[in-house]
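Two complexes come next, and they have one chain in common, chain A, joined by chain B in the first and chain C in the second.
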Partner chain A sequence: MTDPVVTVDNLSVTYTVGAGTFFAVSDVSLEIEPGQVIGIVGETGCGKSTLAKAIPRLLPEPPATIGSGTVIFRGTDLVKVSKRNLPMVRGTGIGMIFQEPLNSLNPAFRVFDQIAESIRIRHYREMGWLKSFQGGDQPFDYSKPQITTTVAGSLSKAIVPSGAAEEAVHDRLATRSQLREEVLNYLRLVRINDPETILNLYPHELSGGMRQRIMIAMALSEKPSLLIADEPTSALDVTIQAQVLTLMKELIDEVHAAILFISHDLGVIAETADEVGVMYAGRIVEYGPVAEVFRDPRHPYTKMLLKAAPAHYKGDGPLSTIPGAVPNLSRPPSGCRFHPRCSLAREICKGETPPLAPVDPTAPPASRHIHRSACYFKEEVPNLP
Partner chain B sequence: MLRANPLSLFGFLLVAFICIVALTVAVAPHVLVPYGPTQETGPIYAPPSWKHPFGTDGLSFDVYSNVMLALPLDLGLGIAIAGASLVIGGVLGLLAGFYDTPGTVAGYTSISIMRVTDIFLSFPSLILALAITRVLGISIVNVAIAITITWWPYYVRLVRGEVLSVKHLPYVTAARAAGVTENRILLRHVLRNVTEPLIVYFTLDIGTVLVTYSTIAYIGVATRYPGPTPEWGSMLAYYQGSAPISSYPWLVLAPGLAVFVTVIAFSLLGDGLRDILDPRTRRAFVRGTAPEPPAEAPSALPAGPETEPESESPLGAPDPGGGA
Partner chain C sequence: MSASPPLLETEGLEKFFPITRSLTETFQGRSSRAVHAVDGVSLTVGRGEALGLIGESGSGKTTFGWAIARLHEPTGGTIRFNGEDITHLRGTALRHWRKNIQIVFQDPVGSLDPRLRVWQIVGEPLRAQNPIDRQIATDQRARAPEEYRRAQELYRLTRAKYDAARAAPQAPGASLPPEPVPPAEPILPEVPPRITRAAVRAAVAELLPTVGLPSDCLDQYPHEFSGGGRQRISLARALIVNPSMIVLDEPTSALDVAVQAQILNRLVTLQRERGLSYVLITHNVAAVRFVADRVAVMYLGRLVEVGGVREVLEHPVHPYTKALLAAVPFPDPRRRRTRYRIGGDIPSLVDPKPGCRFAARCPFVIDRCRVEDPPLTTVPGLGNRLVSCHRAEEVKDIAPETLLATGPAPPAPA
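Take a look at the complex of A and B:
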């Protein structure tokens, strides 16, 4: 068993807005191993994006507060890292793709400068000119070509055209033309036609899909060991969506990165992720291997969510919906947060929060990668209509 | 590159012309200035003629020479005062806007900067500048210092407001996520997006400063006229009182026109700069260097008037979007 890239334990994030406190993320635990794609799915406002930004500590603090929990990234608790040192973790350690393609590129910079900045950061860290760390108190030694020498396959050919990977690491950015060549390679990597032209354009001259791909190129160009993708495909049409997903999967094979994939699209998650966590009102209510969770959901919310997905619509009568609305997270319901909308709810659901426990009672309760559900009546879920 | 907007081009040319004239007057006055500031030329109250383009006054001084001699001083003061305010206010505004986490040292610094700014802004700047000049003693440098003291708070407000609106935009978060340090985010990502309104404001402000300085001089709390260092405001004040305006209108028209033309030139330039500095409209002005649109251009470029100038500007057609 390899060491996990990141282990999130009982993470809680609250927002203090005026006099109110919003419990955006409550007691979320996750473990992501190298090469894994973990999907997080849930409705708007369930805390997905907050969770995504809380891991690299990108939430503005205040108003956000990490109330409790730990985020262990390569042996270091990021919750305790000082703000000064956080930039060293980001980019090359934890990369991120955002969901707003319109505003996530600096309008004042050409595409070249946007991507070149990321490549420079990685390069400077590789060369030891910029401090960086990948965990612990030890600065991460990028000069040991942990990534570049292990590469094989299409992606490395795209990134290092000469093939002489190790030499290239040190000489690659010696001149501007080499930097330009590397930027071009990343643009080709995200399937941008005519990259030489795109290189000199400003973000406002690009379509939403192109901007999204530029952003993905930026994140990939830092070769992060954990890539957090916050709805990276929601602005793209289906064909490009598929390309982007393929691309991200290639990245995993290539650099053995782990991906945390946030989406509200069950189809995208089913296609991309190895394991999925279903979030509701700030909590993970069900977790497990994608196929198991989607074939045999053991939480009433997952069941209803799957039923409401248009892909399941059989053409008989109205599309099914989940009655009620997402609860106000400043006053979350007591006990199980889904109980006001749940047909299985009984007294115990109102009083106590159900733990995220294995569906299979014989399974070891400690394992984080088996099918688990936070419902007291998980055996009854399959019988729901 | 300013050709798409005739008024901006006019302003740009006018500013360039004014600056060249000012430099010439400062370096080699005899080229453009026939008489000294207090040189008697013979006729008094001579109307405008080829020899005396703006006539002469009651002491037979050449008005044109005095207006020209005042140009480097007035222009220099405008640029120096606005520039000093830009630097002081800009730096304070960047700090106050970007490092404002409540409860930290930076947060308290930010609050302090803003409260001091508020205090300065609560005084009418002209009156405050007058009072400070009185305290410091009347001289050109002291007036400049006094105006600068009252002027920088506007830049703090402007820059801080811009920084606040920029620093929460997703691209700043994206830069942070890419591992860019806070200081570098401020200097590279935020500053670059604040520069554009700042430069436009600065350009427009040069005119305002000039008017303010002239006003102080007009009231009489600056250089004396007639004297060795003529200044438009004091010229206006002196000529207004020395002889009936209706009989000798050129005396007040000459310095008044000089102020007017200079201020208008910078205003037009400021408007033009706004279009040039904004990357979203800049492309429309840059001819020839714009790369061909990509193959997937119809979907890649935003619909609307912005897409037009790329193909139109090489033909010399006016910009349909930027003319308003």
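Take a look at the complex of A and C:
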């Protein structure tokens, strides 16, 4: 087993807004290995986007506060990096793909300039002209050969088969035409037809699917070892969504990046992810290989959520729904946060928070990649109607 | 065909948006090019029927919904409601007619005024319709004496003619014209009273429980509700004038799965209780399967397939319907990879080329498709299903899943 790309331990994020404190993410632990696709699924307001932005420290602080926990990426705890040093961390290994590609692209710049910007910055870092940050007080130096011997280093190797990697680093971006060539390579990587024309267009001239491909190209151009995709296909039509999902699946093999895939769409997660975490009211309530979680859910919430999907509707009668409403995260329910809406709830659920424990009692409790559920009565869940 | 006309019938409905390049063009009202958003759509919706309209964004389904609710002025074709041509209704007549079709918009945040309270939002259609009702009643009262006088005059003349005919000697076999009847005293319609604030509040409070909102939230603002709650307010606003048809424009696409299920259940219950007709515009195939009786698939302003919901969704004929259904992600990991994608993007709607609109992305394209528009006709052996495809008979039995191998490859790197 290889080293994980990123390890999140007991991460908690709160928002302080006006008089209230919102517990958006509570005690979330995750481990993502190279080449893995981890899906996070949950309803609006369950904290999944907050989690996605907390990992690369993209949350505005304040109002957000990372209360506790660690995010270990390349041996550095990102939570402890000071605000001043954050620019040195940004763009050095975690790429983001956002939901709304039109809002994430700058309308005033052509496609070429937007992709070239991140390539240029990566180039400056590789040349040592721009300070980077790697652990403690040591600047992260891409040009040092020993970096490539570590896992993190091998992940940051050139992913574009341009042959440019063999050339001396400082020659690569000497001219604009070379930069252009590199941008073109990334556009081809995301399967854009006729990249020479696309280069000179503005974002508003592109279709939604094309914009999302540009976003993916931008995220990949910094050679990330972790891609965080926050609802990347929610704004797209189904046929275009299918294209983008297929593209992302193909890219996983080509760029060796791990992907954290956030979505509210159970279908999209079932299609793409290897492992899935189901979030409810800021906590991961169930985690495990996607086939096991979808076929044999062991948390009442997962079970009810899957049943409520109209795609599962067969025959007659109304769709099944979840009674009650999503709790207000400024006053989360005590104990298990799902207990007010749960038909299995008993006294213990109100008092104590159930741990995320393996479904199979014989499994080693330390493993993070097995089917686990945060419910005291997980054996009874399959008997629920 | 039944004797009574269908509730809503469109014939060759067109909505073109002109693209004006200069101020001269704008003022002269002519333009060389136009976006063909809805291009010749003929559909019927029966009383109490739910029609699902599916398609990708840019297929013209929302424009169609707005056009039948007369929020867009159609540029061609006709819309008949209850057999009456309403394509170009104007003024008071249009405003009076509006209570027949109401619309629930897609975005529950943008379609509710943040500065109005719930009772004001939901009661607004009542307060808008009241003066129109009053004006129509007043006009009728004003017109009635004159009309009565004219009818009486006509009666006097016909009566005189009739009496003369009776008095004259009769030819054998000739029958008398029917005896004229004196006109009835006009019934003057009551002018409804100006609607009061209390009446609006009472009406709203009575309606709210039917959409699943507590009736004591009259004085709250939209921002105090969740997405599902706001969509319920929208639905209540549509229901308050007792329409016979509601256009639902993506009612659940902004909602989570569990809330979506609640709203869909509510829609079905309301339809059963009130005998409403729905036009459900959505890209959510699962929602259509649950709510609709019939489904129409749109692509680039044209209908490609119309039929019963079970038949179309389980046995799609048109290649585009197949592609659309195959692309829908299904929440079951066992079914992954049994899908195919159609390459390419949705082509432009600006002055589309002749021929089938789907030809550029279709895996079964033949030369004929690029030249000749396929008509929307029945396919032998498929009942009353309408499909617009030249090769419908050849492709009708190909299952969407088997298209995996024959689907066009992704655009190759240059």
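Simple rule for what comes next: the second predicted complex is superposed on the first by the 344 of 385 C-alpha atoms of A that agree within 3 Å, B and C clash if a C-alpha of one lies under 4 Å from a C-alpha of the other, contacts with A are read in each partner's own complex, and residues count from 1 in each chain.
In this section, a residue touches a chain if its C-beta (ideal position, glycine included) is under 8 Å from a C-beta of that chain, and two chains touch if they have at least 3 such contacts.
Model, not experiment: these values are computed from the prediction.
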After lining up the shared chain so the two structures overlap, which partner does A:T362 touch, if you call chain B first and chain C second: first, second, both or neither?
neither
For A:S177 in the superposed arrangement: first (chain B), second (chain C), both or neither?
neither
What is the contact status of A:M210 with respect to chain B (first) and chain C (second): first, second, both, or neither?
both
Where does A:T44 make contact in the superposed view: on chain B (first), on chain C (second), on both, or on neither?
second
May I ask you to decide whether A:L306 touches chain B, chain C, both, or neither, giving the answer as first, second, both or neither?
second
Once the structures are superposed on A, label A:N383 by its partner contacts, choosing first (chain B), second (chain C), both or neither.
neither
For A:G91, using the defined touch cut-off, is the partner it touches chain B, chain C, both, or neither? Pick first, second, both or neither.
first
If you stack the two complexes on chain A, which partner ends up touching A:S82: first (chain B), second (chain C), both, or neither?
neither
Chain A residues where the chain B and chain C footprints coincide 193-194, 207, 210
Chain A partner contacts - residues on chain B that touch it in the complex:
101-102, 168-171, 173-182, 189, 192-193, 279-280, 283, 291-296, 299-302, 306
Contact set on chain C toward chain A in their complex
56-57, 226-227, 256-262, 264-265, 268-269, 283-287, 289-290, 323-324, 326-336, 339, 341-343, 345-346, 410-414
Residue numbers on chain A that touch chain C, as the complex places them:
43-44, 188-189, 191-196, 207-210, 237-243, 245-247, 264-271, 290-291, 294-295, 304-306, 308-313, 318-322, 325-326
Which residues, counting only chain A, touch chain B once they are in their complex?
53, 56, 58, 60, 62, 83, 87-96, 98, 100, 103-109, 117-118, 121, 125, 132, 193-194, 197-198, 200-202, 204-207, 210, 215, 218-219, 222
